[in-house]
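Letters A, B and C mark the chains in the order given here, with residues in each chain numbered from 1 onward.
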Amino acid sequence: MRRGAILGAFALVAAAALAPLLAHELPLAGRFGGELRFPVLRCLTGEDRLWFALLAALCAAFAGAARLRRRSRAAVAAPAAGALLFALLACCGGGRPRLDELDWRATRAAGRAAVVPTPVGFGPLESDDVAIAAGVLPAPPSARHWLGTDGSARDVAARLLHGMRVSLATAVAATAVALGLGLLVGLACGAWRGFVDLALMRVVEVFLCFPQLFLVLVVFAYLPHGRTTLALLLGVVGWTTTAQIARAEFLRLHGEEFVVAARALGVPAWRLALRHLLPNALEPVAVAATFGVAGALLAEFTLSFLGFGVPPPTPSLGQMLAEGKGVLETAPWIALLPGTVIFLVVVAINALGESLRRRPAPRRRVA
Amino acid sequence: MERKVVRHGAATWVVALAAAVLVSRGLVRPAPAQAVHATSSGAGEDVAAPHSFAASDAGRRSLRGGSSEEPRRGGTFSQFTSAEYKTLNNVTRGTQPEEVMCRLFLYPPLIELDPDTLELVPLLAADHPQISADHLRYTWKLRPGVKWQVGRPDGTPVEVTTADVEFSWKMLSDPKVPALSARGALSLVKSVQAVDRTTFVVEVKEPYFKAEFEFGTNFRIMPEHLCEHDPAKFASDPLGRAPVGYGPYHLTTWREREYVELERNPDWFAADKLPYFADRLRIRFLTDLSRAPDLFEQGEVALATVNDVSRWEALKKDARWGELATFHEYYLASCIYVVWNHAHFAFGDARVRRAMTLLFPREQVRDSKYLGHAAVISGPWPAGAAELDPSVAPLPFDPEQAARLLAEAGFADHDGDGILDRDGKAFRFELKVPATTTPALDAGNLWFQEKLKRAGVEMSIRRVETSQLLTSDLPKHEFEGAQIGWTGDPTEDDLFERFHSQSIDHGRNYCSYRSEECDRLIEAWRREFDHGKRLELAHQLHRRIAEDQPATFLFNPQSLVLATTKLRNVKIHRLGARWHDWWFAAP
Amino acid sequence: MRAWLLRRLLLCVPTLVGLTLVTFLLSRLAPGGPFASAIDPEGASRVPLQEIEAMRTLLGLDRPLSVQYLEWLRRFATLDFGTTLGIAPVPVAARVAAALRVTFWLQLASVTLMLGLGVPLGVWCAARVGTRREKTTGALLFLLHCTPMLLLGTLLMKLFCVGPLRVLPMIGLHSPDAPDHGLAGALDLLKHATLPVACIALAGLPGIARFARAGMLDELAKPFLVAAAARGIPERRRLFVHALRVGILPIVALLGQIVPFLVVGSVTVEKLFSLPGMGQLAAEAILARDYPTVMAVSVVVGVAAMAGFLLADVVQALLDRRVRLA
């Protein structure tokens, strides 16, 4: 079960990282007038490279774990090779596309180049003139567009892949913010108790009660409309759950013997909190964090529906769902496909969370 | 034991899958096999002729049947509206749905437009007003014998008299009363004074050819014998929730935030001109407009507007819907356009603005997103308006010409980053779009963004809450580009509000457009009382605006309306789906 | 116990004041202002900006914020929520009360359904953990959990209102044709409320079931239950009497969130079914910058939330003596 969960999470990261190789507006490789070029690799953005680096790190971790557990040589070599490959990929990029690469279809038709396009063949931001000329928008799935196009003639498969990446990154960033804030507050409550605990709990309650729509409106009126703002907002909206869980854990731990002993020995509050309480409290918090990612994903959908999600033209799953709801009768695939992807992502994340919960790790660490 | 469990599990999955397939079949209608291709129509074509014939035989049947049958009184006409009425106080009301309710059904104005010929027809007024030679004094006479729905407490009926007129004007102009919309519409009026029981005199501030129309259609009357006389309490008068009028219908029920019901007034004084055959009118508040066709299919409403064009086309092809509804497509006086802030370093130049218009793929959006149900406009008037100069055609989509114009204006890619710049400033701007924008415009803006990128201009799209856009960003000119809609006057729109330099600070001239020639033409137009000469001025204005491109005019979208086949004599008038002469067939 | 309760009640006051202050500040910080409805988005009505400024001055909206807040606080102390801001002032309390009635009963029905179906389902899942049936149910519940409420509502609407089974009305809470009172009126109300209640209940069911299952799983492993089984106590009694008493604790903690949910409602469902509830009222008030209504809604939600937390704490303290120490 746990292995399946970890593999599932790995598959998510892999799909997200490999998105530019699977769907890009430039071809993967091509011979342009005799010159062999790799446009996609040359034009990888900073974000693409970060994902590849992350993937490489994960592969390295797998290789390391396999080595530690003395698995077969193949089980160590395969992830290690993968890590190397992705690390190399992460080093590419930083270039700019050339005009004959941007119009590679025309170049190919004119016979001036032989190209190998990405499997999907379209980028997420590219609107297909052929689909526009054909007249039916959104276009149903066909040989040209495997999952059809959306209302602006952009390929759905490409947008799904890249959208999953964007949504995942936003949700993870939001959860990181929520986690940071929540842990801080929970820690403060647990360590200092008394008045600090009372005051901070009031803050949590205020946060839970006030109309969050106003916060959304105010934030988006003053801050630039981007993914960082969105992640920040989602994090600020969701930190209360983490704070409550962290606080509950810290309060529970206070009754434990090792804490009483530490206090008797005169360990200062901050040291107690950081070195003794935090590692023990991490487990339920980590579980809550994984569910928090799923919650952030669904919250992003609600915000997209209000028009405050990821700004166009960047794709995101929430945005696609919101668009799909309007055309549910005539083009159901636009809503159902992102819905399915959200479902799969949430399954993977939840499985990870569940597996974390059942891990038979030693519950007490009297470091 | 093991095998049984396995079969069980498999059976569950099979059943679930089958159920899912069946459900989806029932719920999802197949998409249209081929889109309807519209032939491109330029602004010169006369598309204003009301187009109202259904695509199906059933529709034609119902329309043919209408002319030979006798009109029949009875039935409940149900419609929906998207926003609940805040108030039906005739003086303080402000939104479009409230205006429709009050002007058509509860408090018909002094003068109204004929739905077909657009001539002014006296309703509450006995006749057209007498106009003084200097066009500053208008003497109106009220029609005698028009009774308020509710009389005095002892039961004696009360007629509409100039006491009501003076009272309403007093309330309207009192600053303590929040009659913002009324004061805005009647800003040209200096005073209103009663002469006798049925005659009153209106003085205007300056001669204006539309003064009779503006005052006649926008003046609002409230019953003096029933209303609160204290200006501070006038707005919260309970008559706002239970209005007392004199129109074809009386309000009987207002279930808050759900529906409103009205009953026919047997003493309706203009039954010869506007018969209103339905006995009851029911208006439901629908917050999710995409459910409109479903509501229609259930039989809950007799008239429904459809916003989604592809859904409309799919319904037209459905044989079942041919039995249920007649399909009507027509143009109203609404336009969508992009205002450019002329204070922006790039948009102050007319060549740059022209390049922007050349780069917006309007024909593409019209053909693939509106499926032909929109007209590309070349000026701030709806398609087919008389003010449009027939010699001016909308600019085509021409990236090469746009590139030339931008180069002429001094823009070039000096630093090689792919974005044009001038004097060191890169050509970047933000387009503000209201949150209530339609999917067709969303796609159009995205394609515009792409075309701009190829031309070297970077545009970012920002969705702004409509309230903020209208009350804050646009009036204070805190924007670079903004996309807005505008419902104009179906008779004649002299553009004073939107393009005269006086309207920059106090009006709707959001682009801060200053042109002496335009100012001169507009002022001359407003003072001209001869129709032919006004049209000549309008054409000149159109040519000037087409040259200057202060804003990029996009579309005049069609209204798509379903009417149930139970109705007879259904025709779409010039002013839209006015149903005063439709009736229900015998069941 | 009484002292603890008193202390908890006293703590609610600063939270309420803090809540109103934060709401007030946020609502004023949001750009734009009331009377935007006077400016028709389509531009048909011509309202000059000075009129709006004059109206703002008339209503005292340009006074310093501290003055306005203190004024509101003073009136709130006498439970006077004022009148709505806009063209047609109506008493806020009446409007909020009407919307609250609708939302409260709808949500109560949904929550009852949610708990009534979810808890037994969760308990059953915990008891049968590991079997195929439990896995299938878990998968289906998960599918339900991942479906956004909007899609769920739309599908339900299509199925029961428009599609082959045309049995239920689509929007609103009352049919104009149906009578108001008596059995027929109640039946009409029931028919209108079925779909929204089902939608909300189905959306929340998986969460409740998961919580119940998690809580029960922790309990079922405990030795005292094994001992009870050895003593011959039947399974149903073991589950619902012995194990549930502690296993229900996570759900009780959830009560703190359910009570405000009873009052806030769901904007999505209300918008979809055109229900005149609190969610819609709040959303419309926020978009129209109707400050008194927003403050009133925020107060109501705050009080409900506080009540919820208090209730959760009290029930938890009653059920689990360990909690009382904290």
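In the analysis below, a residue touches a chain if its C-beta (ideal position, glycine included) is under 8 Å from a C-beta of that chain, and two chains touch if they have at least 3 such contacts.
Keep in mind that this is a model prediction, so the values were computed, not measured.
Novice: Pick the pair with more C-beta contacts: B-C or A-B?
Specialist: Contact tally favours B-C.
Novice: In terms of CA centroid distance, which chain is the most far removed from chain B?
Specialist: A
Novice: How far is the middle of chain A from the middle of chain C, if each middle is the mean of its Cα atoms, in Å?
Specialist: The separation of the two C-alpha centroids amounts to 29 Å.
Novice: Taking each chain's centre as the mean of its CA atoms, how far is chain B from chain C in angstrom?
Specialist: Averaging C-alpha atoms per chain gives centres 36 Å apart.
Novice: Using the average of all C-alpha atoms in each chain as its centre, how far is it in Å between chain A and chain B?
Specialist: Taking the average C-alpha coordinate of chain A and of chain B, the gap between them is 43 Å.
Novice: Which residue numbers or ranges of chain C touch two or more of the other chains?
Specialist: Correct list: 30-31.
Novice: At least two partner chains per residue is the criterion; list those residues in chain B.
Specialist: 465, 468
Novice: Among all residues of chain A, which ones touch two or more of the remaining chains?
Specialist: 217, 221, 325 - these are the residues of chain A that touch more than one other chain.
Novice: Sort out for me which residues of chain A touch chain B in the complex.
Specialist: 96, 125, 127, 132, 135-137, 140, 151-153, 217, 221, 225, 306-308, 311-313, 323, 325-327, 329-332
Novice: Of all residues in chain C, which touch chain A in the complex?
Specialist: Chain C reaches chain A through residues 11, 14-15, 18-19, 22-23, 26-27, 29-31, 142-143, 145-148, 150-151, 154, 257, 260, 268, 282-283, 286, 294, 297-298, 301-302, 305-306, 309, 325-326.
Novice: In the complex, go through chain B and note every residue touching chain A.
Specialist: For chain B paired with chain A, touching residues are 24, 28-29, 31-32, 34-35, 37, 290, 308, 310-311, 314, 364, 367-369, 371, 418, 435, 439, 442-443, 445-447, 449-450, 460-463, 465, 468.
Novice: Where on chain B is chain C touching in the complex?
Specialist: 5-6, 8-9, 12-13, 16, 23, 26-27, 86-87, 89, 92-96, 99, 175-176, 178, 180-181, 183-185, 187, 235-236, 240-241, 253, 255-259, 261, 282, 284-288, 291, 294-295, 297-298, 300, 334, 434, 436, 465-468, 470-472, 475, 484-488, 497, 506-508
Novice: So in the complex, which bits of chain A are touching chain C?
Specialist: Per the stated touch rule, the residues are 198, 202-203, 205-206, 208-211, 213-215, 217-218, 221-222, 251, 255, 298, 301-302, 305, 321, 325, 328, 335, 339, 342-343, 346-347, 350.
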